[in-house]
Every structure is written in structure tokens, then in C-alpha cells.
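Each structure below is given as C-alpha cells.
Next, two complexes with subunit A in common: one pairs it with subunit B, the other with subunit C.
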Partner chain A sequence: MQSTYNSHVKRIVVGLIVIVALGLAGKKLLAPKSFGVYGHYRADAIEEAAAIEIRHGTNASCLSCHPFEAQIHLSGKHSTISCEFCHGPYADHAKNGKKIGTLPVKTGEEIKILCLRCHNRAIQARPGEVIKTVIMPAHLEEQKVKTTHICNQCHHVHAPLRYINHAKRIVGMQEAS
Partner chain B sequence: MNSVHEGASYLISNYVFPNDLHVHWSMMIVLYPYLSGLVDGAFIVAALYYVFGVKSLKPIARFSLIFALSFLLCVGMPVMLHLGRPERNLNMLITPSPSSAMAGGGYLFMVTLAVLLLLILFLYRTFLVKQQRQSKGLKRLFYQVLTFGSDNLSDEALALDEKVIKFLAALGIPVATIFHGYVGFLFGGVKANPSWSTPLMPVIFLFSACVSGISGIILAYIVIKRFRKEAVDTACVRTLINTLFGFFILAFSFEMLEVFSHHYLRSGYHHMVEGLLNGPLFISFWIWQVGICSLGPLLILGWLCLLRVKDSAFVIGSAIVSFILLLQVLFMRWNVIIGGQLMSKSARGYTEFHPEWFDKEGIIAVVFVMAVPFIILFILSRIFPLWMEGKSEAQGAGGK
Partner chain C sequence: MEQPESTLSEDRRQFIKKVLKGTIAGSLLLVLPAGAGNLKVPEQIKGIRNRPWELAKQNFAFIVDITRCIGCGSCCVADKREFNVPDGHYRTWVERYLKDFDDAVYVDSPKGGLDGYQEPRTDIKKEIRDTFFVPKLCNMCHEPSCVQVCPVGATYRSPDGFVLVDSDRCVGCAYCIQACPYSVRFLHPVTHTAEKCTWCYHRVRKGLLPACVEVCPTGARKFGDLNDPESEVTQILKGPGVLTVLKKEMGNWPALYYKGLRREVV
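Here is the complex of A and B:
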């Protein structure tokens, strides 16, 4: 290969042009087809997102089949809380008015973890006016019980103050007499 | 315990949003600007020789470029380790958004790499052509690729090379500056973070980059020369130290200016920034970055530059001051990046950073990422000799 004084420079320039051209071609080929139709995103993404099956049915979807829990739930302090937050999504459980799968029911320590996801004072950012928080195990020590107690031994999970208010009423009656 | 004010004191003190508890931009994002800063600084040293004709820098001019290349090749590594889905980084390049600095950064990286690589290949062309003529088979092919298949070393060709080198080196200055300025800009552009979002951020990053790069070159030069039992060119080191002094004064002034302007302006989140520097960052900012690693070097640099210092003491002093300044810049990156994320958006509390050992962004990974550039430097030094003294062809390049 005979090289002149500037053949390497020419080759570099040609090489750079080829690289840029390949890059542009690659960019064209690899870019998703529907990209940029509406804006700087894949237009297909809209339809794809719309086609995703809805997994959560809201509390209304649970009430018809679970009137017993619903009635308790709606009467208590947790009435605004989503059933599905604690139990999992509707889609795993019911379809077209039929039960299709079991939802996990938390027991023991799991319940403690579940409750503390919202009621833990160690998470500093909880606005105390909206969600009352407790610090563990101080909360149990205040009640003068063993620190192994689980929340649902005193709080009804669906209406957390149900038993406590009940107990207070009984105690109040005793005090009155 | 159950006092009336307990609730109130919880509200006003250490109130951290749950999504602020974890420091997301961890140590890899500290290393990223550190590495790219070393590239930038090392390039500035080379530019001083090739563009501005500072002749005393000749012994380390080529070394600086190879040093810069070794680190540039690793700049992407910490970022990839940080990403949850690193393979998706290409998407950003395929459909770059004009309003995203990150995509621009990807392209800037490629331009910087091309300029640096071409500059090195042109500088070493005479040497590479000779290697090619001496070798056979695969090795010959390898050198043919590096010389773009041309073995023409006529005067005309060398004159052309010289022009190209000047052009590339001059082009390299804005490219390297923008490349690293962009890194500072990335932080400066985060509106949500009051300690980052200042127009001074790119400037501070640039000057500290120059400081770290020059220090890196000085330290590496002295250590390698000592290791090989070769003489250190003190004239060269003196020039480097003078340059370093200048850049460091600027870098440090801007760093302090930033703190001062936060303090003086007392803008909305000023109390958070002040509390950060005087609270969680007190040790790493005031004691280490400002005290030990800035005031110390200013004294040593003053001594080295302003007084008559014997050569042997000068070399030792230079190595020490370079080492401390490398630490200074690392502390600065740490305090800006990790430090900046310790403030909660609640503007009421600070979180803590817990580095892990075995995480993909953990301490072991940091050591690994910092070691790779040196391995690359070693491999590159087998192809591109770092020192050209005593070799007649040295004047083939640079034209000085």
C-alpha cells in the first residue's frame, strides 16, 4: 500500500465521516418506531399502558362479597384505608364476580410490620396530626404488657379502636358505679 | 419523656422525608467527577506544552496525555456501576432529549475520547511507524491500524502531523473544559438541591479538576521516576508546582466564595446548607477539606514557590503537597455529592450515609474502579512509551 504524506489524515477524516454516518444510521434503525409521533417519547407506550389490566379494585370492589368485614371496617378509624394495601390486589383474588385466588392474610409478627409501615414514629416524616404514631416497644410498656404482644391482640385490625373504646366504656361504667 | 413539647420538638427537629432517608447518588457518583477531573487536569498540563509552548513541561507532556487517556477510558465505569439497568444507557444516545444534559454528556464523552486518542496517535506516529516496520504478523497489523496504514515519514508528512497536533491540542482545551464543566453543571443544574444549585458549581468543579489533574501528574511522575531510580526533572516539577499553586488559589477561593455567598445571601434554604456544613459535614468539610487539605497545601505551596528550596526538598515537598491536594479534591467531591444529599427536602432534617463494603457501589468497588486506570496506564505504557528523553525522534512531535 503506497502512502502519501497525507494519506493517514485523509483516512482519519473518511473514517470519522463513516463513524458518524454509521452512528446516524444506527440511531435511525434502533430508535423505536413510534418515537416522536406526539412528543419526545414512544407513542405506542400510551396504548401499551392503557392495555395493562387494572389490578386494584378499590374498597368498593370488596364490600359486596365481604359485608361482615366491610361493616366493621367502615365503622372504625381505618374506614379510609384501602383493603388492598393490607391484603393485596383485587386482580389476584377475584374476577367477574368469582373468587379466583387466595389473598395472603397476615399473622403474628407480620401484622406488627404491617401496622408499623404507617404508624412507626421512627419514620420522621409522618405528619402526626393525620396518622398517630407509636414508638416500639415503648407503646407496649405503657400498656404494661409483655413486649411480645402483637397489635391485633388489642386493636381490631379493621377498626383499631373498637375493643379499646369498648373496654373504656366498661371501665367507665365501673368507675361510675 | 412524655412532655407536652415532645410532639413539637419532633416536628421541628430532624424531620426527614422517607424518600430522603437513603442517599441515592453514592460513592460511584463521587468517583465519576473525580476521574473526569483528573482527565481534565492532566489534559491542561499537556495543553500548556503543546498549545502554549511551556517548554519546561516537555518531559511530562506525553505522559500527561496517556495518563488522561487511562482515566478517560474509566470515566464511564462508575456511572455504569451506579445504574440499575446499565444497558439502557444506550437509549439515551439513540433518542437524546435536547433538554437533557445527560445525553449531551454521552456525546461529549465520545468527542473527548476521539480528540484525545487522535492526538496521542499523531504524537506517537513516528514511533509507531518505526515499530511497525520492525514487527511482523499480528503485531505489524496492530501497528498498521494505529498508524492508519501509512508509514510515510517524509518531512512533508511530519510537518502536516505537527499542524494536526497543534489543532487537536487546541481543540482539546474547549472539549476537555466543556466535558468536565458539564459534570459540574449536572450538579449545578439540580434545582431541588440548595447546596448544588449555584452557577458557581461548574466553575468550582473545573478549577478543582485542574488541581487534581496537575497533582496527579506530579505525584505519578515523581513516584514512577523514583521507582525506576531515574532522575526527576526538577525544572519541570517547579513549573508544575507554580501552575498548581495558581489553580489551587483559584479553586480554593471559589470554594470559599460559594460558602460565603450562601452565608451572605441567606436565601430560602440557607439554614439547611449552613447546618449541613457545620453539622454532619463539620469534620469532612471544615477539618479535612478546608483545614488539613487546603490551608496545609497553601502553606507548603507558598514555601515551595516563594522561597528558595533545595531540589531534593522541593521534590519531596511536591510529592507531599500533590498527595494532599488529591485528597482535598476527593473530599470536595464527597462533601458536595454525598453531603448535598444529606439534607432532606423537608428542610428540617439530615440523613446519614452508610457506605457498604460489598455493594456494587461499595468500598471494594471504589478501590477496584480507582485501580483500573493504573492497570490501563501500565498496558498503554507498553504501547506508548511514557518518557521519550534521550530518543532523537522526540522532536518529531510537538515541534518545540
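Here is the complex of A and C:
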């Protein structure tokens, strides 16, 4: 009796050990490498996420090769505007310091749409201390120009008050004399 | 006989010098963090490049200043370009809130603000009391519900505080999309894996600001390290401005703060 009872226990114990061993082996084989280092996920995924290539540079990356645009852009009120917002991402233009494609330059009506994304007063929630806004076409009428005028006929897109201040200087001089 | 021999040894010396220089330069490239070696862009977040990344010692925060957002949608455009986000899906978007004198709230977000807000709303007959824009993105919760529900360990909160998706492991069950209280996740139509805003983890690790922060013309989006007492986000968090998080009662403890947020925003 005693011996058969022992053999039962043995069988159960050996069976359990086999199951546990199989389970551990299966886990070892099936779980991806680095799984569970920091938690219930693949630790290597962090480095993979960090290694994705950037598509946007910064304004500094654009302006380092475009000194002429840089000196205008940085001199005016638009200096905080990202080059890449209007022209497209750096990655479509340059790679390893070499030009690989031409970025679009907005013209005509596109410019007006782009300007009014920010400067349209008809859209409320644009506080005066943050941004100067205009009502179109009232602004054109006020300035006594044709209502078909595009913004960049008076405003330099990179430094919006460049020509205006220049004109004011000339007119101011005439008024003074 | 003397002359050629000396030039030969000179060549050999030069060759050995060049090999040594090359080896040193090559091994340096391997030691430096990925991407920083060939990146000419100046660092925007100080102290990230040229040192090993310590996962456990990071504490980043994102602040959206509602009082400065003008709803231009630059952030949405940059985000779409940075990640080639498929049409109709948004990692970040801008909502427009209108409030009338009876405190009724009207919210819209045409194309997620991708084309900006060109036209005012004309469908509301009542007088509007308050209008503001609310940019939305991942809240990078300290207790993320999306991570809790993921059955395969594909979404995780890394020790540096970023909630990310491992697309190799994601099976596209979309549990996380249902679990996220902020609806920032979507299923990519091609890969059928979950995607979300990562606060541009790949840029941050290269010492650059997230793309949306970089392009924001008014400085409505701020990103920085809370461990740095000089950083802008630390200064704002220490300051007197009204700072709130979205859906605080959910207990997700977001790392995304809103400055000047109205109570109507959900």
C-alpha cells in the first residue's frame, strides 16, 4: 500500500516538474528578447522608438544654408514662424547636407490663405497681445488699395513690416521737411 | 638608393597614422548617442546629446497655453508631416470652443484643424461670449489606462515617462483606443496597429523639441524637463498661472498641463 502511494506522489511531482519545465522553456522560446526588463513589454522597443529619423529640422537647420533669408526672417515679426510650416519638412529637401528635393514656395492666392490662417480677425480667440489681426477685405479698403491685392504685395512674407517701415521712413522724412 | 626607401617608410608612417585616426573617429561615432553624430541641428533641449540617456532620471512635461493658441493649425500640419499620418487620423488636433451667454458650448474641429480655421461658425444664432482653441495630444499619463488594458504588452510607459507603442507586438485589438480617456489613439489603416502621439520621442532623444512645439508661432505649446529648474515648463509650473489637467477625476495623472483652460473643456 505504502509503495503505491509513493509512486502516485512521484508521478504527480514528476508531472508537475515536466509541466513547469515545458512552460519555462516555452516562455524562453516564445517571449521576445528583452521582454520584461523594465516591465511587461519589450525593452528594445524604447531604443527603436528613439531611433526613428526626424523629418522636421529646426529653423536653425534651414537658415544655416540660407543666410539671405535668415537675415530678413530673423529681423522681423515673423521670426518665430517655422520655415517648415510654409515650405515643407527638412527631410524632403536635404539629406546629409545634400539637396535631394525642392520645397514649394507659395504664390498668389495660396499666400493669402496662409496669412489668414493666423491673421483673420473673423475667427475670434486671437488676442491682440498675441497676434495682429485684420478683417478682409476691410483692411484693403482702409489702406486704399484694390481688394484683389495679395498680402505679399505690401507685406514681406518673412518680415511683414519691412517695406511698410521703409515706406514710413521715406514718407516721414518728406512730412518733416 | 637612400631616397626611395625613406619615402616608403614615410608612407607607412602616414598610413598607420590615418588608420589610427580612422579607428578613433569610428569608435567615437559608435559611443555617441544615435543620430547626434551626424545631426547638424543645434540642440534645443539642453544636456541630452553627448551623454548616455538615463531612463529613470527623466521628467518631462508638456504645457499648452490656451490663452496664446490662435488656432492656426501649424502643429497639426507639422505632426502630419513628421509621422506621415494617414488622412482622417490625427495624433494631435485643435478644437474650437464657442460659448454663448447661456453657457451652452459648441465644439468643432474641421479636419482636426489641419487646414486651420478660415471661416467663423455661422450656424450659431446666439451671441457668443467666449471663443478659444484647445489643442489636444497625448497626455502621457503617469497611470495610463491604455497600458493597463493591452493584452500583449505592446503599449507601455517607458521608465523615462513616455507612453509608446511597440508596433511589432501590437495585434490591433484596439482595447487601448477604447481605454484612452482622451481619445488620442487610432488604428493605422495600413499597418492595423495602434498609433498615438509620442511627444516626438525620437526628436526629444536627439535633443530637439517635439515638431508641434517647434513650429508653434505663438509659443502656445511648451515642452521641457522638470528636472531642470531653469526650463520654461518648470518656471510656468512654479508660477501663478492657472494650470489644469484634462479629466483629473479619471485618475490618470497626465503630464500634459493646460494653462488658462476653461472648465467646459473635456
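We adopt the following convention: the second predicted complex is superposed on the first by the 125 of 177 C-alpha atoms of A that agree within 3 Å, B and C clash if a C-alpha of one lies under 4 Å from a C-alpha of the other, contacts with A are read in each partner's own complex, and residues count from 1 in each chain.
Definition applied: a residue touches a chain if its C-beta (ideal position, glycine included) is under 8 Å from a C-beta of that chain, and two chains touch if they have at least 3 such contacts.
Only a predicted model underlies this, so the values are computations on that prediction, with no experimental measurement involved.
Asker: Between subunit B and subunit C, whom does A:30 touch in the aligned arrangement: first, second, both, or neither?
Answerer: In the superposed model, A:30 contacts subunit B only, not subunit C.
Asker: Identify the partner contact of A:40: answer first if only subunit B is touched, second if only subunit C is, both if each is, neither if none is.
Answerer: In the superposition, A:40 touches subunit B and subunit C alike.
Asker: Return first, second, both or neither, reflecting whether A:123 touches subunit B, subunit C, both chains, or no partner chain.
Answerer: In the superposition, A:123 contacts both subunit B and subunit C.
Asker: Comparing subunit B against subunit C, which has contacts with more of the residues in subunit A?
Answerer: Looking at subunit A, the partner in contact with more of its residues is C.
Asker: When the two structures are overlaid on chain A, which partner does A:95 contact: first (subunit B), second (subunit C), both, or neither?
Answerer: Neither subunit B nor subunit C is touched by A:95.
Asker: Name the contact category of A:16: first (subunit B only), second (subunit C only), both, or neither.
Answerer: First partner only.
Asker: By the touch definition at the top of the document, which applies to A:8: first (subunit B), second (subunit C), both, or neither?
Answerer: In the superposed model, A:8 contacts subunit B only, not subunit C.
Asker: After lining up the shared chain so the two structures overlap, which partner does A:84 touch, if you call subunit B first and subunit C second: first, second, both or neither?
Answerer: second
Asker: After the superposition on A, what does A:60 contact: first (subunit B), second (subunit C), both or neither?
Answerer: A:60 sits against subunit C, while subunit B stays out of touch.
Asker: What part of subunit A is shared between its subunit B contacts and its subunit C contacts?
Answerer: Dual-contact residues (subunit A): 32, 35, 40, 123-125.
Asker: Can you list the residues on subunit A that touch subunit B in the complex?
Answerer: Within the complex, subunit A touches subunit B at residues 1, 3-9, 11-12, 15-16, 26-27, 30-32, 35-36, 40, 121, 123-125, 128.
Asker: Which residues of subunit C touch subunit A in the complex?
Answerer: The contact residues of subunit C facing subunit A are 34-35, 38, 40-42, 44, 53, 55, 67-74, 77-78, 81-84, 96, 116-120, 128, 131-133, 153-160, 162, 164, 166, 168-169, 198, 201-203, 205-206, 208-209, 211, 214-215, 217-219.
Asker: Where on subunit A is subunit C touching in the complex?
Answerer: Interface residues on the subunit A side: 32, 35, 38-42, 45-58, 60-61, 64, 78, 80-82, 84-85, 88-89, 96-97, 113, 116-118, 120, 122-127, 130-131.
Asker: Please give the residue numbers of subunit B that touch subunit A in the complex, ascending.
Answerer: Going by the criterion above, the answer is residues 7, 10-11, 14-18, 90, 93-95, 97, 114, 118, 125, 147-152, 154, 156-157, 160, 164, 344, 346, 349.
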